[in-house]
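Right after this note come the structures.
One chain, chain A, appears in both complexes that follow, with chain B as partner in the first and chain C in the second.
Moving on, here comes the complex of A and B:
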C-alpha cells in the first residue's frame, strides 16, 4: 500500500507542471472574463449606453431592470469560460495515452524500471488510474472553488444598487460546459463520471494489449475498443432506451446497460492487471 | 545460481531464442557474446520478466521469477531508465523508496567514484555520464546477481576505464554477474566465463582462463572459430 501511494505520488509529480498550467489557464481566462465583462457592463450602465439597447440581456429580456447578475456574466462570457475547460478535457484525454506511452518512448524508457520494482505490477496499473482520476477530480474541484471567488470579484466590481441576486447553481447552468462538468443532479454526475472512468479503463486495457502483442496488438486493441463500444452502446441504441414501443421495458434495458457497464469495467481491469503481470514486453 | 533452460522466443515472425540453456554462478563474471541481433539482450530481459517467452524456464536460486526476487537481482540495461525530468538525487531517492536492498552508503561511494553531480537533471546527462549513473543504480543494490547489457557501448575511453575498474573492485566481488557485449576486447581480461550465442542458442560455453592455459586461445580466437566457420 505504501509503495502504491509512492507510485501515485510519483505519477502526480510528473504531471504537476501541466496540471498547474491548466489550472492557471482556467483561472486567468475566467477571472479575466469576469473582470473585463463586468467592468465594461458597469461602465455602460454608468454612461447610459444600456438605455440605448447596449445590453444583450436587455435585448433578450425586455423586462430586464438594468441590474447585473453573476449569472448574466457567465452567460455573456461563454467562450472564455468554456475554452480552458475544453482544453483541460483535451489534455487529460491525451494524457490517458501518454501516462503509459511516455514510459516506453524517448531516450530513457522508465518502464524497464517500473516493471522491475519489487512490487506487484498491478500497483503500477492502479497508480496510473488513480493519478488520472486525481487529475480529473482535482480540476473539477478547482473549477468549483473558482466560481465563488469569481462571484466575489463580481460583487466587488458591481455597486450593490446595480446588482441582482443570483444563485451559484443557476450561474453554473448558464454555461453548457460548466453544466456538463458539474451536473444539476447527483445521478447525472454519477452517470457522466462513471462513463468517463469506463472509457479510461477500456483505453488502458487497449494500450496494454497493444504493448503486449506488438504489431498484431494494434489490431487486437482496436478490436477490443470496438467490442467494448458496441457492448456499451447496444442497449441504448439497439434496444432503444428512449423507445416506448420497444420489445423490452425501459427498466429492463437500463438493467442490461448496467450489466454491460459492470462487465466491461471488470473485464478491462482484469485484462489490464493480467497483461501487465504476465504478457507485457518492453 | 541463475538457471536458463531451453528458452524459445519468436519476435516478428523470426525465431530469436531457439533453445538457449546456461547457468550463471555467484562469484563469477559470465559474458554472453554474440553478433548484433543474436538475442543477448532478449535473454537478459527474459530473466528480468520484461518479455514473455514462448517456452522454457528461468529460475533464480531455484525459484521462478517473482516480485521479491527483484531485491536480489539488479538489471543495468544499455540505457538509463529513469525519467529525464528527475534530478540524480531524486533518482537515488526513488531507488531508496522502493528497494529494501538499496545501499545508500554504497550509492554515495559510487557517486563520488564517478564524480557525479546529484543536482544535475537526468535528461541533461551525456551518454557516458548516463552510463555511469546507470551503473550506480544497479550496483548500489545489495543483490546476489547483476545483469548488464552492453555496459561499454558508446562510452568514451576514460569512462570505459572507470567502468572496467568497477569490475575488478569489491562492488562486483561475490556477486554473479551476467553481461552482454559485442565488443569483447574491452572485457576479455575481466571475465571468468564466456557463453557464445549463435542462431538463438548457446553454441560454446567455456572458462576463459582454462581455454587460455590449455589451448592457448583468447576469446576472440574462439569467436573466430565459431562465427567465421
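Moving on, here comes the complex of A and C:
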C-alpha cells in the first residue's frame, strides 16, 4: 500500500506544473471575465446608458428593474468560462496516453526502472489510474471553489441596491459546460464520471495491448476499443429505448447497460493488470 | 511525510470540495414554488400542475409547480431523464399505466396507446402495419392480440388487407369491441399528397374468434369537388383511449387552397361515426341549433362531447349529448372579471371538472369548477416559498404558462 501511494505521489509530482498551469489559466480567465463584465455592466447602469438602450447586451437584460445578478454574469461570460474548461479536458485527455508513453519514449526510458521495482506491477497500473482521477477531480474541485469566490468579487463590485439575489445552483446551470462538469444531482455526477473512468480504463487496456503485441498490437488495441464502445453503446441505441414498440422495458435496458458497464470495466482492469504483470517485458 | 504534501493537499481538496457541494446540494434545492389554496376544497387542486418559467438573470428555467412543490425537469438526474423519460407517454395514461402494472408480459412491445381496448373481460391491442416495399403488392397487415383477463389466454391474429392505393402512412386512431367484432378505426394517408383530400378513414371489422376481416368501411365525408378548397381533418377519440365508446368524432375543415402558406378556414363540420350502425352523421347543424356555434377545444367522454372555448377575457363550456342531440345542463360561461383575472391563459376539462389557469398581478392562479353546475370548487395561486429577501422572484407570466391535470 505504501509503495502504491509513493507511486501515486510520483505521478502527481510529475504533473504538478501542468496542473498548476491549468488551475492558473482557469482562475485568470474566470476572474477576469467576472471583473470585466461586471464592471462594464455597473458603469453602464451608472451612466444611464442601460435605460437609453445604449448597449444591446445590457438592454436584453431579463431583469425588469435593471438590477444585476451573479447568474447573469455567468450567463454572459460563457465563452471565457468555457475556454479553460475545454483546454483542461483536452490536456487531461492527451495525458491519459502520455502517462504511459512518456515512460517508454521519455529521455531515460523510465519504464525500465518502474517495471524492475520490487513491487507487484499492478501497483503501477493503479497508481497511474489514481493519478488521472486525482487530476480530474482536483480540477473539478478547484472550479467548485472558484465559484463562491467569483460571487464574492461580484458582490464587491456591484452596490447592494443594484444587485438581485441568485442561487449558486442556478448560476452553475447558466453555463452548460459548468452544468455538465458539476451536475447538481449526485447520481448524474456519478454517471458522467463513471463513464469517463470506464473510458480511461479502456484506453489504458488498449495502450497496454499495443505495448504488449508490437505492431499487431495496434490492430488489437483498435479492435478492443471498438468492441468496448459497441458493448457500451448497443443497449442504448440498439435495444429500442425510444422505439414505440420496443420489446424491452426501459428499466430492463438500464439493467443491461449497467451490466455492460461493469463487464467492460472489469475486463479492462483485469486485462490491464494481466498484461502489465505477465506480458510486458523489459 | 512533508515531501508528499502536494498529493495530500490535492486529495483533501477533492474530498472537501466535492463533499461540501453534494452535501449542500442535498439540503438546498432550487427556488420552490407551490400552488397554495385560496379557497375551496384543497383536494380539488391536488391534481393541477402549472408549467412556467422562473427567471434569475441568466435566462429562463422551465419548472412545474404543484400543490406539493416544484420540479425542474432539466435538472432531473440523468438516469431518470434517459430511462424514465423514454416512452413516458405510456405512463402518462392512467389506463395504460394500470395495464402495464397488471399485465406486464402482455404489454411487452406494445407502444401505441390508441391501439388499446379494455373492458371487464378483454384487453385488445390492435395495430396496423403498412407493407409497401418496392416491388411488393401494397398491403395492410392488421395485427391483433387479445387477452382474456379471466382465463389469462392470449391470442394473436394477423389479417392481411390488400389495398391498391399506395399509402405513405397509416395510423390506428381507435379500437373498439362491439359484441364479438373488433373495430379498428384507421387513418390512411396517400403518398405524395399532404392535403386533407388524400386522407381516408376506414373502419375495419375483424371477428375476434378467428381474425377474419368481416368488413372494411371507408368513411366518406366532406365535398372535395369544390374549387380552391382543400379538406383538412382531425379526429377526436374517447378521452380515456382504451375505454369503450360507441362513437368516433371527426372534424373536417374546408380551407382555402394554399397561397403563400396562408390558409383560411371557410367552413368546418363535425361528424360522429357510430361503430354499431356504421352511420356517419354531420352534427354541425344540430349543434348550431343547440346553441354551439364554435367547436373550440373538444373532448369525447362516452356519448358526451365537451366543448370549451376561451379567450383572454372569457371562458365558455358546453356539453352536448350525441345520442339525444341536445346540450346537457346549462352552459358555463365566465368572464375574466368574474374570475378576478387579468388574463385567462387556458382552460381544460377532466372528470367533470373545468380547470382554468389565469393570472393577476403577475401571479399565476388556478380555479376548478364543477362542469355539471358551474360551482367553483377550488381556487389557488402559485406562490414562491422562500426567504423574504429572495421574494423578488415570481413565476414569469410573460413566458408561456401551461396547465396539466394528472389522472
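The criterion applied here is as follows: the second predicted complex is superposed on the first by the 266 of 282 C-alpha atoms of A that agree within 3 Å, B and C clash if a C-alpha of one lies under 4 Å from a C-alpha of the other, contacts with A are read in each partner's own complex, and residues count from 1 in each chain.
One rule holds in what follows: contacts are C-beta pairs under 8 Å (C-beta built on N, C-alpha and C of every residue); 3 or more make two chains touch, one makes a residue touch a chain.
Values in this document were obtained by computation on a predicted structure and should not be read as measured data.
> Once chain A from each complex is brought into register, does chain C clash with chain B or fit beside it?
They fit: once the shared chain is superposed, the two partners occupy separate space.
> Touching A:134, do we find chain B (first), chain C (second), both, or neither?
Touch partner of A:134: chain C, not chain B.
> With both complexes overlaid on chain A, does A:278 touch chain B (first), chain C (second), both or neither?
In the superposition, A:278 touches chain B alone.
> Once chain A of both complexes is superposed, is A:171 in touch with chain B (first), chain C (second), both, or neither?
second
> If you count the residues of chain A that each partner touches, which comes out higher, chain B or chain C?
Greater contact footprint in residues on chain A: C.
> Looking at A:108, would you say it contacts chain B, chain C, both, or neither? Reply first, second, both or neither.
First partner only, chain B.
> Kindly classify A:142 by the partners it touches after superposition: chain B alone (first), chain C alone (second), both, or neither?
The second partner, chain C, only.
> Minimum CA distance, chain B versus chain C, superposed model, integer angstrom?
Taking the overlay as described at the top, chain B lies 11 Å from chain C at its nearest C-alpha.
> Which chain A residues lie in the overlap of the chain B contact set and the chain C contact set?
Touching chain B and chain C on chain A: no residues.
> Going by the contact rule set out above, which residues of chain C touch chain A in the complex?
3-4, 6-7, 10-11, 13-14, 16-18, 20-22, 25-26, 28-31, 55-61, 74-79, 82-84, 86-87, 104, 108-112, 127, 389-390, 392-393
> Which residues, counting only chain A, touch chain B once they are in their complex?
Per the stated touch rule, the residues are 3, 6, 10, 14, 106-113, 115-121, 214-215, 278-282.
> Looking at the complex, which residues from chain B come into contact with chain A?
Its residues touching chain A are 11-12, 45, 48-52, 67-71, 75, 77, 79-85, 94, 97-100, 122-123.
> Which residues, counting only chain A, touch chain C once they are in their complex?
5, 8-9, 12-13, 16, 61-63, 68-72, 74-75, 134, 137-138, 140-142, 144-145, 164-167, 169-171, 173-174, 182-189, 191-192, 236, 241-251, 253-254
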